[in-house]
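Labels run A, B, C and D following the written order; every chain starts at residue 1.
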């Protein structure tokens, strides 16, 4: 089975998610700076979630450059990842509306953790499909960043019980770490140009 | 006529449907667990409809791997299926808002039944276009799951008049049965690799 | 310039238009048949607009099978058509909310007329780009249906001043006439198979 | 890395942006011309933003015809452009709701300026990736229009402090200047047909 339609469908869902969040930004009722201020905070929250969806799109893009064939398990693992990500506009809006209250910040972290786990499961589904010599498995290697991120989310979730800002620091830190795009697949494709 | 644009358009519509449902989830007004609770029920309802759209995307994907040419009847049968599916966010929201009251659960079942019939009509349009030796007709075979599902929906609709939960059980059961992806097309492509 | 991205972008816009209209359908507040009734009328209105967007997608699809190269004029004529069609959810919602009052029905007709004119302008832009021997010009031929539709819209708009239902009859009639998909391009591609 | 998925994702986001703005248009509550009037002003505002998104899609389309390979910096520069453009529905709605009050018109100009800067950064990322002999760098040439537009936005933003209408004139003027599509890439591809 070809990967083309899976990539197109995922691109569609991610493109929608990344754009509908801005619909949650409440348009100020007055043409004043005071009325705009809550939207500016909302804008920063939206930026964080925009970056997260961008990171997942980036990594998804890299992953599927090394995937040649898709089976049912990969299709559903991919839908699982899309489901977790489709909740991001909801948890983002709650966090923003309540101005970073404790529970919403915890729930946002759980959402990020869920997406990370779903990505990991997708990777496992590809590994299993391709066998021990699969291209992706070789390219991913030790995957330090991928293995640490969930633990930083857990720290952030726990830290939110002390102060929501500890949670936010953790979530922003992971986003920044991933903003450096994942060059492993890139480098791998480059080094193994013959296989491509 | 090529199938490429029909697949791209269908992917677009299905990607939008699967993501806009989350917009129906009402963001809680308070940062408390009590305020979140109705959203958690809504989340499960959303998950069910997400899985249903995912199933249709999956099966649509498999179907069009065995369709080489498209005519006007197939285009409109496909739009008929997309129309039925585009009502799912509406019926899902009604069912969720009324907390699974009887009529909305019946209407949700009718919606699922309509989608199943539309899928069946699409299949017939492909059969007719391709003649008795068409690839899809050979691959679909007896199609037990496809033939039973509408009857389970009918049972669920009738059961909802006793208790809406009987309806929900039927709808969840069909979704679970289809979560096992439809391997017939996959297997067929594999077995007839020469024809591909 | 290739037509691929223009088709992909148009498919994206049309897929979004055809699905967001259902968001305008107000979810009934009570789980009763009385509460559902206005939504059923809305559903029929939505169906009409769904069919119209479907017709444009169909014809757009056929048109661009006979277009090999795109220039700036074609890009902007295409955006003009997409703009006219992007107003359909707005005019549909107004017509539905006011239960087919006179002015909204007139405005809906003007919207359909605008889309028909924009489609015609797009066709002219392709004709001009391809010269007198262009494939599309040969395939379109006399284009009776395309030339009559705008006049039926005008009749409908004028008729709405007598009774909105005269307008609706005209709009439904044109939709039905086009539901029979436009086989000219199809037949032409088939007859001139060598050129393809 | 191929440009295909980056183009598909960008098309998806731009297609959504260009269509969701119409959702901001408030459907009049009465079927009267008086009730429609504010929507007509809104329609003109929507048209301006529609044209701007159309211009960016056009230029993006032209740019990526001359880009063969994509790296991490280009991916993120592209996401930066999409982020700036995704704010357009928000700033458009605020400007329209407040009927072109001073601050919203200033903010709209800042948004346009931000998008222009992001486009420029994206161009620089491509230049750096392709080296001094890159196709895009040759095609873009002096890029007078690209270099002047930001300054006209700045003039518009400053002018808005005198009267918002000065700002609007500046924004409309830039849009009109770009409506003439950017033929440089087109001409370049044509002149260097051998390289293609």
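Heads up, the rule we're going with is that contacts are C-beta pairs under 8 Å (C-beta built on N, C-alpha and C of every residue); 3 or more make two chains touch, one makes a residue touch a chain.
Since this is a predicted model, take the numbers as computed values, not measurements.
Graph distance from chain B to chain C, where chains that touch are one step apart, equals 1. Graph distance from chain C to chain D, where chains that touch are one step apart, equals 1. When chain A is laid over chain B using CA atoms, the rotation angle comes to 90 degrees (nearest 5). Comparing the contact residues of chain A and chain D by number shows a mostly separate set, under half of all numbers used being common to the two copies. Using mean Cα coordinates as chain centres, the one most removed from chain D is B. In whole angstrom, the spacing between the mean C-alpha positions of chain A and chain D is 26.
Chain C has its Cα centroid 37 Å from the Cα centroid of chain A. The multi-chain contact residues of chain B, meaning those touching 2 or more other chains, are 8, 12, 15-16, 20, 23.
If you check the complex, the residues on chain D that touch chain C are 7-8, 11-12, 14-16, 18-20, 22-23, 25, 27-33, 36, 39, 43, 47, 50, 54, 57-58, 61, 65, 179-181, 183, 186, 189. Only residues 1-2, 5-6, 8-9, 12-13, 15-17, 20, 23-24, 71-72, 75-76, 79, 82-83, 86-87, 89-90, 93-94, 97-98, 101-104, 107 of chain C touch chain D when the two sit together in their complex.
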